[in-house]
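Per-chain residue numbering starts at 1, and chain names A, B, C and D are given in the order in which the chains are listed.
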Amino acid sequence: MIPNKPLVISVPEPRSLDLIFRPEQKAKLLDRYRIVEVCEAEFAQLGDDVLGQAQYILGQPPISSAQLARLGQLRCVFNVESNLLDNMPYAELFARGIHVVTTGAVFALPVAEMGLGLALDLLRDITNADLAFRQGTEAWGGDGNGQARLLSGANVGIVGFGELGKALRQVLSGFRPTIRVFDPWLPASLLVEQEVVPATLDEVLGLSDVVFVVAAVTSENQGFLGHESFARMRAGACFILLSRAGVVDFDAMMAAVRQGHIRAGTDVFPEEPVAADHLIRTLPGMLRSAHRAGALDEAFKRMGDMVLEDMDLLDRGLPPMRCRRAERETVARMRSKPVTRN
Amino acid sequence: MIPNKPLVISVPEPRSLDLIFRPEQKAKLLDRYRIVEVCEAEFAQLGDDVLGQAQYILGQPPISSAQLARLGQLRCVFNVESNLLDNMPYAELFARGIHVVTTGAVFALPVAEMGLGLALDLLRDITNADLAFRQGTEAWGGDGNGQARLLSGANVGIVGFGELGKALRQVLSGFRPTIRVFDPWLPASLLVEQEVVPATLDEVLGLSDVVFVVAAVTSENQGFLGHESFARMRAGACFILLSRAGVVDFDAMMAAVRQGHIRAGTDVFPEEPVAADHLIRTLPGMLRSAHRAGALDEAFKRMGDMVLEDMDLLDRGLPPMRCRRAERETVARMRSKPVTRN
Amino acid sequence: MIPNKPLVISVPEPRSLDLIFRPEQKAKLLDRYRIVEVCEAEFAQLGDDVLGQAQYILGQPPISSAQLARLGQLRCVFNVESNLLDNMPYAELFARGIHVVTTGAVFALPVAEMGLGLALDLLRDITNADLAFRQGTEAWGGDGNGQARLLSGANVGIVGFGELGKALRQVLSGFRPTIRVFDPWLPASLLVEQEVVPATLDEVLGLSDVVFVVAAVTSENQGFLGHESFARMRAGACFILLSRAGVVDFDAMMAAVRQGHIRAGTDVFPEEPVAADHLIRTLPGMLRSAHRAGALDEAFKRMGDMVLEDMDLLDRGLPPMRCRRAERETVARMRSKPVTRN
Amino acid sequence: MIPNKPLVISVPEPRSLDLIFRPEQKAKLLDRYRIVEVCEAEFAQLGDDVLGQAQYILGQPPISSAQLARLGQLRCVFNVESNLLDNMPYAELFARGIHVVTTGAVFALPVAEMGLGLALDLLRDITNADLAFRQGTEAWGGDGNGQARLLSGANVGIVGFGELGKALRQVLSGFRPTIRVFDPWLPASLLVEQEVVPATLDEVLGLSDVVFVVAAVTSENQGFLGHESFARMRAGACFILLSRAGVVDFDAMMAAVRQGHIRAGTDVFPEEPVAADHLIRTLPGMLRSAHRAGALDEAFKRMGDMVLEDMDLLDRGLPPMRCRRAERETVARMRSKPVTRN
C-alpha cells in the first residue's frame, strides 16, 4: 500500500462502484485513494490494519460500536443507498464528529420530472387519449378535452420540501404556479425565500389543483394522508405520489379515485412488486409507474461525482458540502425501507 | 340604435360569442357596443345602414372589395378563427389603415403544455409503462427505464418562434435546457434576447434531444421536414409536432419512428379525423393526440378578453396591442387550413 | 453601380455611420447595399436616379409628399435619431405600406441601469456618504444609515412600459419587487403576462417606495406629474426621472424634494444645458445626471446591428422585427424634442 | 419561574434585544421562554439554577469548559454578533451535539444591494457626475460617459460564495451576467447548480469587468489579494470590497486605483474609523462607504425572526434550519474581528 493515499472501505451494496462511478470518475477514485472493496459480510470481518486506517466508508454497512471504536481515523460514511437505516451507532458517530452523508439528492430531478410528466398526463389525459387512438375511439379537438385544464397559473401543493420538493419547484417554475408547501421541519421564512407559500397541510390539500407528495416516511407521518385528507381535496384535483407509499393510506387514495373525486398518479406502492390481481392495476383515473421515477443511470452516476467532490473537501480538512448530511435529531425518525433493487 | 356606441358586426363562425366570451365579458361587450349578429351568408347581404357604421368586425367572413368600400368606418377585423384565410382584400385593408388581428395566441400556452407533456411521456415512457402495469407486465425500477432520460439540461430544438414557440420556452424554462431555435422570419438578436440560441434548421435537427415543431404552414415550408430531416436527427431523439401537419412529410416521420431512429408525438395529422386503418394508430414509438392541444375552454374564453382589450384601445384612438396583427408582407403566405370544429 | 444591390440613402444626422456601425458592420452594409451618403440639405436635392431606386432611407430627413411620390421603391425609413418628428407625411407612408422604424430601443438597457444606479444611490445615500468621507465627516455603520432602506421586496412603480419600462423590469427582477405599472396605451393582461401589476397613476404614485418615470412625451401628458402627484407619493419615497423632462412639472418636483417629502434623481431637464445658477444644482435630496443615461457608445453601435437585421428581413420580403415600428395612431401624438447631440 | 417554558440566557451584547427583535417578536420571545438577561460580566457569575436549566444562549459570551459542563440542558448558542470568536470550547459543544449558529445572513441582501450600488456608481460615474453638476462643470450626453459601460451581459467575478455571494448573484440576476466564482470551500457542481461558473482566483480576477470580494477572513486568506492580484485585473475593471478589509492588501489596492488601472469601491477598511489624513479619503477612482452596507435596522430586526424560527424547531426536537451553523472544521479558521458598533 502507498501510505499517503487515504484509505477507503468500499461496501456500496446494493449499489456497485460501476453503477455509481463513470469510468473516468472511477479511475480518479482509484488514483487518489487506496480502496478496500468488500461485501457486507466481509466488512464485519475486517481487521485493524484496514479499520484503523480507513478515513472513509463508501457504503452503508451495519457498523457496531465495537467496530466504530476501531475505526480511529474515520471521517465520513457515504451512504449511497440513500435511506438512513438503523444499522450504525449514529450518536457515537456524531459525537466523534464523523459525518454520515447520503447521495439521495441525485434522484431529485429525475423524480421531479416524472412527477411533472404524470401531472401533465392527468391534466391533459395523454395516456387515455393515446389508448383511444390506438383503438379507433379517439375524440377530436375540444370533444376530447373533457376535464382538461392548464397547469400555468394553477394552484400547486407540495408536501415535503427537501431536495425533491425543491426540484419540483424548479421544473414547475416555467408554469408560474402558486406553490403552497407543507413541511413542518422547515421555517416559514426559508420557504418564502424560495418563492413558495408556507401552508398548513389542510391548505395544501384544500386549495391545490395538483398535490405532489414528496415527504420521506418518518416515525410521525406514516399513513398520515387518509380518507379525510382526500375528502378535503378539490373535486377533480390531481394527486401525485412520488416519495414513499408509507405516508399514504393507499386504500383511501384508491377510493377517492374510484369515486371520481380526484385523479391520481403514483410511482410507489405499499408492496412492490404489486400483486397481479391488485385493483390499482386497472383503476380508471389512476396513472401507474413501477418505481421508475428515480432509477435513471445518469442519476446513479452522479452519486460518484458527489462522493468525489466531498472526499476532496474532507481531504482538505473542510466539511462535506455536496452530499446531504444526516442530522443527529432526525436520523432516528426515518422509516423508509431499504431498497433491494437499483 | 343608440348612436354613440360603436357598432360591431359579429360573425364569428365557426366560433360563437358564447364560446369566446365568459358571461360577464359578453355582458360588457353588449353594454359597450351595438352588436349586429349575423352568419356569414347574412353578412354578405348587409346594407349600408350597418356596413357604413361598423367600426369592428368580430369574425373572419369573406369580404369583397365592394363590401370593403362600403365599410367606411371600419377600423379592425378581429379574426377569432385564427388562421388568416384568403377571403378578404388584405392589401386594401392595410392601405386604409384597418387592422386585421388574430386571437390565436390563446392557444399558445395550452399547446405548449401539451407539447411538454408529450415530450416527458416519450422521455420517460409514461403511457407504455402504465399500459404494461394494467396488463401485469410492468418492469420495476431501473429495469423499466430503458431509454429514459432527463429533460433538465437537455438540448432542445424549436422550429418556429411565434407565440407558441415563446410559450414553449416559458414552460421549458425550469429545465434550464439549451434551446436552439430556427425561425427565418426573426432576427437573431431577438432570439438571443429571449435567451435561446439562433440556429439553422440543420443545427436544430442535429443537435437536439427533443425537437418541437411549432411553425405555421406557409407557401414556402409545406412538407419541408422530410426523410433527410429525420435522418439528421440524433438517434433516440424525440420529435413533437404541434402546429400543423402540413410542414411535415408524415410518411417520412413514421418511417423514422418505425426504424426506431426517433420517437415522436403529434397532435396534428394530414387528414383529420384519421382513417380507421391508418398505420399511425398502432405504430410503436409514436404518441398520438387528436388535435386536442389547443382546444381548451379556458383558451377560447381568453379570446373574448383579448377582443375587449383591443377594442378599448381602438376606441381611444390607439393601436391594438393584445391580439396579433396580420402583416402585409406575410398574410399572403399563410396556408393553414381553416378549422371546422372548435 | 452594381444594379442588383438595394439602394440605401444614408442621411443619419445628427448621427453618423461611424457612430452607429462598428467597422465590421459598416463593411457589411457597404458590401450588401449601394449607399448614397448625403446631408439633409443634399437629400432635398436628390434626383430621380437616386430617389426612384432607393429602397431604404437610413435617417430621418424632412420628406415632402412630392419627394415621397418619387420614392417609388421605398420600403422602410430607419429613424436612427430615434424621436418621431413631424417632418414627413406619415399617413402617406403608411398607406403605401412603407415602414417607419426607430432604433431607440438601444437606449433602454443603458437608461434602465442608470435608473437603478440612481435609485440605489438615493436608497443608500451613496453619493453623499462618499462626499462626507472625502471631507472627513462620514458617519460609521448604522449611524450613517439614516433613511437607508432595501430595494429587495420593495414596492416599485413604473410610469410608461415601452422598451425602457421593460428593461427596468428586467434589471429590477433580482430584487423581486412588486412592480406596479401605469401605461394607458397597453392592455392590462399584457402587463400581467410580464409579471407586473397594472395600476392607475394614483396607485403607482401612492403605493411605491421608488417611482421610475419612463414615459415618452405626447400631446396628452405634458407636465402631467405636478404638485398633486408628488403630494400623493409616500413620504421618503424616491422619484427617478429618466425619459423626458416634459412629462413633469419640474418646479413641483423640486418643491417636493426641498420639503423633504421625497428624494429624486433625474437624467433630464427642461432646458439642457441647465443654467449655471439653477437651484437644482445644489438642491439637497436631489441626484443629477446630465442626460448621460442612454448615450453609451455600445448603445449607438447596436443601432447599426438593428438596421442590418431588419434590412435583411425586408430584403427577403418580410416585415422588420428588430426596430420599433411607428404606429399610424400614435405617431402624431409624439412631442419629444429632437436631440442635437449624441 | 414557570417551569415548562424553556430557559434562555440572553447576553446579546453588543446587540440588544430591542435591536434585534421587533416589539411583537420580542413579546413572542417573552411569552414562549423564560429569559434571564445578563451582561457578559454577569454571565460569568451565573449559578447552577440558571446554567443547569438553560436550553438556549442568545448571544456569544465567553464560555469556559467548566461553565459548559454545568450547562447540562444547553441545545444551541445563538451568536447574534455574527462573527465566530475564539471564546468558547467549540469542540466540546459539537461533541455534545450543541449547535452554535449565527445570524449573519441578515446582512447578505443589504450588503449585496450596496455592492451593486457601488458597482453601478463606478460603471456610470454617478457620484462624480453629481458633484460636477453641483459645481457647474458637468459634461452632457456622451461627453460625460468617458469610461461608462453596461453591467448587462458583463463578466462578473465573486470571491467567496456564502450567503453574501448568493445574495449578490440574486440582485445581479436581472443583468444576465456571466458570473465566475472562486470559493475553495465549495464543490464546483454546487456552483454550477446555482448558475455561476466555478473558477480559479486568477480567472475571476483576469476575466471580470467587476469583481466583488465577499470572502470572510480566515487563517488562510489574510491579505491574499495583493499587488499581483490587482495587476491581473482587466484595465478599467471595478473592484468592490464588501466583506472584510483583512483579505486585501489595502495599499496594493490603492496603488492600482491611483495608477488608473482599476476603479474601486469599499465598505470596509483596515482601521475603522479611518484616520483623518488617510490618503484613501480623496483618492480619485475610489468610492468610499463607512461600513454602512449591512447595518440597516431591518436587517437587525430579521435576526430576531431567525432566532425565533430556529428555537421553534429546536423546541420540537428538530435541527435549526434558519440560522447558519458553525462547522467543526472551519470554526477555528475564522479571523474576523468582533464588531464594536451595530
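By definition in this document, a contact is a pair of C-beta atoms (placed from the backbone, for glycine too) under 8 Å apart; a residue touches a chain by one contact, two chains touch by 3 or more.
Keep in mind that this is a model prediction, so the values were computed, not measured.
Undergrad: Quick one: how many steps at least from chain A to chain C, stepping chain to touching chain?
TA: 2
Undergrad: Please state whether A-B or B-C has more C-beta contact pairs across its interface.
TA: Looking at contacts between chains, A-B has the larger number.
Undergrad: Report, in whole Å, the distance between the mean C-alpha point of chain A and the mean C-alpha point of chain B.
TA: Whole-Å distance between the two chain centres: 38.
Undergrad: Roughly how far is chain B from chain C, centre to centre by C-alpha average, rounded to an integer in Å?
TA: 34
Undergrad: Specify, in ascending order, the residues of chain C that touch 2 or more different other chains.
TA: Within chain C, no residue touches at least two other chains.
Undergrad: Taking chains as nodes and touches as edges, what kind of graph is this: line, ring, star, complete or other?
TA: ring
Undergrad: Dump the list of chain pairs that touch, please.
TA: A-B, A-D, B-C, C-D
Undergrad: For the complex, give me every residue of chain D touching chain A.
TA: 94-97, 184-190, 305-306, 309-310, 312-313, 316-319, 321-322, 327-330
Undergrad: What residues of chain B sit close enough to touch chain A in their complex?
TA: Touch list, chain B to chain A: 109-110, 113-114, 116-118, 120-121, 123-124, 126-127, 129-134, 136, 138-145, 148-152, 170-175, 272-274, 276, 281-282, 287-292, 295-298, 300, 341-342.
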